[in-house]
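Structure first, commentary second.
Chain naming follows the written order as A, B, C, D and E, and within any one chain the residues start at number 1.
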Amino acid sequence: MLTTFQIQALLVGALWTVGLALVAFIGGGVIGLLVAVTRVSRHRIVRNLSFLYVQIVQGTPLLIQMMLAYFGLSLLGYDLPPFAAACLAIVVYASAYFGEIWRGGILTVPKTQWEAAECLALSDAQRFWLIIVPQALRLSTPPTVGFMVQVVKNTSLASVIGVADLTYTSKLINNSTFQPFQVFVLVAALYFVMCFPLAWWSRKLEDRLNVSNH
Amino acid sequence: MAYQFDFSFLSEYWPELLRGLWLTLKMSVLTIVLGFLVGTVLAIGRTAHSAWVRRACGVYVEVIRNTPLLIQMFLIYFGLASLGLKLGANFCAILSIVINISAYTCEIMRAGIESIRKGQLEAAQCLGLSRLQTLAAVVLPPATERVYPALTSQFILIMLTTSVVSQISAEELTSIAARIDSITFRSFEIYLVVALLYILLAVAVRGTFWLIARLVFPRLRRLGTPL
Amino acid sequence: DQLADIKAAKAITIGVDLGQAPFGMVDGTMKQVGSDVATAELLAKDLGVELKIVSVAPANRIPYLMTKKVDAVIASFSITDERKKTIDFSNPYAVIQSAVATTGGLKVSALNDLEGKEVAVTRGSTNDQIITKAAEDEGLNITVVRYDDNATATNAVVSGQQDVYVVAPSLLVPVNAANPDKKIEPQLTLKSFPLGIGLRKNEPEFKAWLDQWVTDNLASGKLRETYKTYHNVDLPDDMASFN
Amino acid sequence: MSPIIKLSNVSKSFGALQVLDGISFDVHPGSVVALIGRSGSGKSTALRCMNGLETIDSGEIDICSHRLGTTVEKGLLRALHLDVGMVFQSYNLFPHLTVGQNIMLAPRWVKKSAKGEARERAMEVLSRVGLAEKFDSYPEQLSGGQQQRVAIARSLAMQPKVMLFDEVTSALDPELTGEVLRVMESLAREGMTMVLVTHEMAFARRVADTVIFMHKGRIHEKGPGAMLEAPSTPELAQFVGNGL
Amino acid sequence: MSPIIKLSNVSKSFGALQVLDGISFDVHPGSVVALIGRSGSGKSTALRCMNGLETIDSGEIDICSHRLGTTVEKGLLRALHLDVGMVFQSYNLFPHLTVGQNIMLAPRWVKKSAKGEARERAMEVLSRVGLAEKFDSYPEQLSGGQQQRVAIARSLAMQPKVMLFDEVTSALDPELTGEVLRVMESLAREGMTMVLVTHEMAFARRVADTVIFMHKGRIHEKGPGAMLEAPSTPELAQFVGNGL
């Protein structure tokens, strides 16, 4: 059986996981929005730069991004604490995916909607926030939440730079108890508890957005 | 920079890296294709008339999406073996990734399916198309086209995800790299090389998806406008 | 001069792999224990500085060392020529034993008995290197099945995915204790490999101090005692012969 | 001759809004019925009920020997849709398919026609609406009028017994309205039964045997096209007398 | 009086398809111009060019003192859209907003009107098109005709100097066409300049000072509404003489 110390350690690990995930959502969301907007920009150079960013970030495993943020920057003389480096890596990582998902949503809003908004003299920003985003949200919500759930679980890669998250702690325990099933089932349950509210919230949001459709 | 980079190990180990790259590629293709198929079927299930089918697919999606792939994989690989059912590591790896990824694909495809206007379904119905035919001809093609960017991202993510199978002994790119690392201790160099290889793979995946889009969405090819 | 820096800072940071029972692990109260942990504690005490242990893993132990986030690594590093090109090692402070173990009563008395079999190891570990090299040298058809860490490799054997395991016999004590109905028995002892404390190159003062410290503590028996506590076997008498 | 369509006391509400309030009428084979009435009077809804797209709250609809009650089973609907074609107010062309593919889809998938045959038939109906050269265009490349004509062609290609038209001419210019009118007249001559919702009084007068004036979910007046010239109720008078 | 809109030799192609082929005409303040012509003749495109939604290939457009050339800068377009309202053939209401929100959106965000004021004005324009009770409905809950009237109201709420209408009556029944006509007549009296594309000849005749008949991307005939009764070219004769 697991000792109370071990359970406590797992819970602390879960806290790190939650913290990192929150940083990823907020930071990644903000930069992701920037990515989405620049990806559909009228300016070719902006578009291409943004595409390059997405291509490179999506193309490298998060594990390696974590190591680059912690050890790579250190080689260059910038020493970040492990948690800060993990935050940096996961924000960059999440921003590329959020950006791509949202770009897809933006593109599905019919051209005529952009035109109608333009004819009402709405500025670019107003048009984007008032007309395009609400309609893009509907199509983007499921993949966004799907990705957020993956982010929660992928935060475990931060253990490679010394952040003792839930997965890491469970492995640590398993490495000395050699009874994987009870640890892992508990860990799966903890992840479920962390992720399911996201899925539930997504369902609510979709229902609300559905009011004006179909 | 104090650190002296030394890539000389590559001359000895590049065939191994290529072997790992090849397995990663094979597993990616297989899991992407199967994951897309199963995910699409699930998405159809989630929009089915029958509340039971909808609910069953929903529970599957939520349970799978909200628990870690690693643990799902352990349960399949070790759990089944404990019960006496010994399946190969590669098979278990692919099985668990497909199970996992189908849940995500399902949610993306569902969004696409639900974005099809009711008028389209009514038009198909009035032409006498069955539900299945409507799905195949009227719903799925534009739905897929609409969520194509999200799908592409998700599939690149699968390609990267295949690295977890190193945990259960599959010798793909990451695990080969880890072994070379432990022999030579040239961690920075090996991970830089691996990062580059993954970027190349991602470019290849994206390029392939772009080509497939040109192929299966003739409208997109002709007009260049998203649906 | 790293040694002077450590003394000036009155603290040493040492990387230990806590996934390598019984070298490094956590106990039921989540306290870090194991022979490598004890060795690090001894070293810090003799240096007269405070000890900070950083938990390292195969993927990051070298980056930790190279980016100066740790001063030394005590993580069951076996000393090989190839590795020496990248980092320096102290004199051997312990050994890692390698043995072929089996479940289900399978008998192995020579490497030849493994012909055509699958053998589980921890990827990149000394055991991996030994069995891979042995199979190559003797031209045997052995499939080496590599798992990420000791725990996973052990799971594979315990769950029945694999029947043959190349492992440090000392690991089998806690494993068998946790899984009494699935006995893993050592069958054939392979070569022992010397373990060194890893440090960055070009630190002659620090390396000299470490070498001397190892020699002294082997002579005084402290290191031997530590090893015996966790591994239940004695270190070979002539550790210097590994140099 | 027994009616091919028979609505008996059909009612339909959306929530609290009673859209159809006990309407009954017959359509005889080969005849053309025009539904007129102001926006929101329930014309489209009546048409949709006849096609099984909406289930009715009470009453009965018999159409091409199919019986639509307050519950409808799946198989019946498919059989019904083979006999009854519909053209929508909002076209509802499939945006991812070319004009030709839009038209050939149902013949190929539902009727299992050979490809060559379906193509030939598609070309034929497309020429009938004057758009043969748009066979390989996509809907978004067409003007509104062109899209509507493709939608008509798509429905024609299935050779239904009854056709329902919901304001098919509203996006067409006078010249093309005339063309469509001639298409519909030739259909009527071939024995096609048609029910159409329209806002063009001249069109209703010309093509319809019977005109039904709907008002607030009820049939307010019914008669031959000539009744539009001499409305007998103030509502109809107001409706047709818009000052144009 | 100098013209408020002046098109000089405007051309526009989509790929190989020449849609506008050197058209020129003037619109004087307070006048109403109707563009007629068969489907695909480029009427909608002409309207879209006047509003900067399409950039022209050659020529010049002056509208409300804004100059649209072959390149147009961003700031100019916003200023232009404050002066020029547009109502689309396909409504283009915002599906995620209620009718009221659709109408109040631009006054609130662009003109920075106070909420109460914007609401009042929205109610006023909505009543003008006879839909005051649909303030809180969503577009999809409305019939086609109702949606089009909301679109007109939305544009009116911005009090533009010039309004462009693209077949705004095609989905309206005769009675409502009459209502819209009266709205437009009252707009004309208030000095609103209007350009409209329409398929309804009676409507064009009644409301327009000038009728422009477009044919294959050119202005084929131009004159007062009366010219429709006595077409001087065979093309116009064919266009209006559809047999209805």
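Definition applied: a contact is a pair of C-beta atoms (placed from the backbone, for glycine too) under 8 Å apart; a residue touches a chain by one contact, two chains touch by 3 or more.
A quick note: this is a predicted structure, and the numbers were derived from the prediction, not measured.
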Touching subunit B and also subunit D, the following chains: none
A-B or A-C, whichever has more C-beta pairs in contact: A-B
Furthest chain, CA centroid comparison against subunit B: E
Inter-chain centre distance, subunit C versus subunit D - centres from mean C-alpha coordinates, in Å: 82
Centre-to-centre distance between subunit B and subunit A (centres being mean Cα positions), rounded to whole Å: 17
Cα-centroid distance, subunit B relative to subunit E, in whole angstrom: 49
Inter-chain centre distance, subunit A versus subunit C - centres from mean C-alpha coordinates, in Å: 37
Sites on subunit B at which at least two other chains make contact: 3, 74, 78-79, 117, 188, 225, 227
For subunit A, residues contacting two or more additional chains: 63, 67, 71, 75, 138, 180, 214
Touching two or more other chains - residue numbers and ranges from subunit E: 90
All chain pairs that touch each other: A-B, A-C, A-E, B-C, B-D, D-E
Complex contact set, residues of subunit D against subunit E: 36-40, 44, 89-90, 143-146, 167, 170-179, 181-182, 199-203, 206, 238-240, 242-244
In the complex, subunit E residues that touch subunit A: 51, 53, 77-78, 81-82, 84-86, 88, 90, 92-98, 105-106, 109-110, 138-140, 154-155, 158
Contact footprint of subunit A on subunit C as seen in their complex: 18-21, 25-30, 54-55, 57, 59-60, 63-64, 66-69, 149-151, 154-155, 158, 174-175, 178-179
Subunit C contact footprint on subunit B (complex, rising order): 3, 6, 74, 77-79, 81-82, 84, 86, 89, 166-169, 171, 175, 178-179, 181-188
Footprint of subunit B on subunit C - complex, ascending: 58-63, 66-67, 80, 82-83, 85-87, 120, 123-125, 128-129, 145-148, 152, 155-156, 159-161
